[in-house]
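You will see chain A twice below: alongside chain B first, and alongside chain C after that.
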Partner chain A sequence: MKRTLGALSLLFLLGVLLTVASPSNGVKFGPGGSEWTKYRYTDEYYIEHGVEEVGGTNIVTDIVFDYRGYDTLGEATVLFTAIAGAVALLRPWRRDGDE
Partner chain B sequence: MMLPYLIVVPLLGAFAMPIIGLLGEKAREAWAVVVTAVTLGVAVEVFNTVWRGGILLYTLGGKGPLGNGVSFPVRIVWEVDLVSALFALMVTFVAFVAVLYSTEYMRHDTGLEKYYTLVILLEVGMLGIAITGDLFNFYVFLEIMSIASYALVAFRNDTWEGIEAGIKYMFVGSLASSFVLLGIVLLYGEYGTLTMAYIAKMVAENPTFTAKVALGFLIGGLLFKSGAVPVHMWLADAHPAAPSSISAMLSGLVIKIGGTYALARLAFSVFSLGINVRTMGWVIVLFACATLIAGNAMAVVQTDMKRLFAFSSVGQIGYILLGTGIGLAAYGSDVGNLALAGAIYHTVNHAIIKALLFLVAGAVIHQIGTRNLNELSGIAKRMPVTSFAFLVGAAAIIGLPPMNGFASKWLIYESSALFNPLVAVIAVIGTAFSFAAYIRVLFTFFGRPSERVLTAREPGKAMLVPMLLLVVAIIIMGLFPWYIGDRIMVPAAKTLENTGAYILALTGGA
Partner chain C sequence: MIPFQFITAFLMMAMGIYALLYRRNLIKLILALNIIDSGIHLLLISFGYRVELGRIPTAPIYTGYETVKGAMVAPLPQALTLTSIVIGVCVLALAMALTMNAYRHYGSLDVKELRRLRG
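Presenting the complex of A and B:
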């Protein structure tokens, strides 16, 4: 029963996502021309101003380390957290030390 | 401007912990306490600034949020309104208390430098969520918070339940996070920006089908994180299995900041102008009613003390969701404002109360070694201070008048009765269940001492002082309920409802 409901709701989600992914109803794929400036104005800005504002010729690193550097700091923290968590969980059990 | 230090200080604390840890046990405990105390100080300062001066906007790496010669934001912004500042204050206070408590409570465990690192990272994650004004940045900090809490739930890796609960929490939580990420991806694909306030503007101008689907995914993911009823099963396992200082933070903070706060922020600040708020509100109210009944009813039948508190947390999340839902469904009216104020008030109150209750449970487990309520009768004779703290916490969570829980629950009852009497009836039934659950524990505490309890003693100062700090906070907040309600909670609800001002703070600030 639960399994059937789960499968049905997954099917429903898939249908909704397919609707959203079709260009006539939802997100446009490969926008060009006027659609590019309508949907990707932020990217346009990064490409136009990236070199003069940041100084790097690689737009991706300009964005990742300057415009959105705080997210990168956050990602580094995620990695640090994951390592701290894994090391904490893989430490020897308490009773091993006592014996 | 003290705002950046809200992140800088705990982040430095966390990254420096492995090095400070080399100096020995005392040094890392002192470092953790100092870092959380300084963060608390910064949060007080930020709250004070925002309370006096309105919304605070901070652009990372630029003078203003907007790009050169254009009218849209290109950098990450922090947008701190009264609600964010209040919740940041709540996070830092409970985190400080929990760290202070851990210095004695965790003494018998190993791997403590990782423990303190993870606790401070948990705090960083929650603060980041509270202050951010950027959707992807919100996701990054949601992940920091989630990953730190997965590891902390399973921290006692030599217990079966710790590992089991950790795995369960991790699978469910990762699924929920990916839902949130999918929602953000859809929003970016449709609107081309990640700043919350600017998306709000774009959604208001052009509400599309994609925005509705994205909202659905975001709400779904965040209901997982807050432990609302159809998806609360991870919570009832995770909170009992975690060390008690962590349960206090999980139950008091994580499910609220990563769940209900994020839900309210997205619903009010991003979607309220473009999407039908009435429908959105009713969806949340339905989940809230189910959560209220099921969470509190399940709490009555538990024999495990921490499991009882965990289910009670689910029930209390129901009140917060109810307030948020009514705030949306009756958007713009007095009733909606009152309900939202009640929800914000109850979030803060419940964070303090449930932190206290879990710290009490931790003290009992630490001193007696069992959490089975049937073996714990008569603790009050041997541990009077702990029992007194429990008495205060239980009275506050049921909502007895001299405690802080009364005013917040009253706001929610009153507004739900004005909104729809049936919903108010459900809220009262939930409270009746919660009353039954806590009275049962109270009778256990004050009964005839059982054999196990006869040799019990009070815990040390480092565990009693944090509990008493929370008791004092509950009583002081309980003495001035309407003053706090009128001066802080109602204005906070108004700023959250005022989406126009949220957008204007971004676009008009150039």
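Presenting the complex of A and C:
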């Protein structure tokens, strides 16, 4: 059946994800020291230079509104489109007699 | 050992996909989509965690940082998650509006009942 195949592929996907996420052969949780500067150098740059380059003391808002401002613009566009779509879908229906 | 944050996130994603495969109520399908979304957010945030010896992991905020002197966790996954949460809410709102329209049209929320096209 198709559903059994779906469940089997789901189990396979879960196994692949767990293999990738195990620290011996993949992503390491909570890097520190030299691993931090090796894998998270972009975050280190934001932490080191965020305050004097942008001016805000909250690094996350510095990233959201200055370094990656276009992401936030796209997010606002997505929100606007979703609201417009929901309003257009929930408008009252035209009655058949009015046609 | 695989950290339990990753295992929890993967289990949430797997449970959401399972519900998408086997549930038939449209509302439950939307809830499953949101559970997958939350699992991905949990995974993203836990990627940014940082363990330094002898230093407390703190939020990347410099206000009042001098009293703690901890190790700041990665701010980039938090920014990405902020964007992703908003997109998840947008998808939820649109899906709920579509579900309400489908119920008004068909009188049912069962996906098996919704297969026939009706003018």
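The rule is simple: the second predicted complex is superposed on the first by the 96 of 99 C-alpha atoms of A that agree within 3 Å, B and C clash if a C-alpha of one lies under 4 Å from a C-alpha of the other, contacts with A are read in each partner's own complex, and residues count from 1 in each chain.
One rule holds for everything that comes next: a contact is a pair of C-beta atoms (placed from the backbone, for glycine too) under 8 Å apart; a residue touches a chain by one contact, two chains touch by 3 or more.
Keep in mind that what you see is a predicted model, and the values were worked out from it rather than measured.
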Joint occupancy of chain A by chain B and chain C, clash or fit: fit
Contacts of A:66 with chain B and chain C, given as first, second, both or neither: first
First, second, both or neither for A:6, with chain B first and chain C second: second
Which of chain B and chain C A:41 touches, first, second, both or neither: first
Chain B versus chain C as contact partner of A:27, first or second or both or neither: both
Chain B versus chain C as contact partner of A:89, first or second or both or neither: both
Which superposed partner A:78 touches (first chain B, second chain C, both, neither): both
Where chain B and chain C come nearest after superposition, their Cα distance in Å: 5
Chain A residues contacted in one complex by chain B, in the other by chain C: 17, 27, 40, 42-43, 46, 68, 71, 74-75, 78, 81-82, 85-86, 89-90, 93
Parts of chain A lying in touch with chain B, wherever the complex brings them together: 16-17, 19-20, 25-28, 38-43, 45-46, 49, 53, 66-71, 73-75, 77-78, 80-82, 84-95, 97
Chain A residues touching chain C - in the complex, by the definition given at the top: 3, 6-7, 10, 13-14, 17-18, 21-23, 27, 29-33, 36, 40, 42-43, 46-47, 50-51, 57-60, 62-64, 68, 71-72, 74-75, 78-79, 81-83, 85-86, 89-90, 93
Contact footprint of chain A on chain C as seen in their complex: 1-3, 5-7, 10, 13-14, 17-18, 21-22, 46-53, 60-63, 71-72, 74-76, 78-80, 82-83, 86-87, 89-91, 93-94, 96-98, 100-101, 104
Chain B residues within the chain A interface of the complex: 11, 14-15, 60-61, 67-68, 70, 72, 74-76, 108-111, 114-115, 117-118, 121, 124, 128, 136-137, 140-141, 143-144, 147-148, 150-152, 154-155, 157-158, 166, 186, 189-194, 208-210, 213, 216
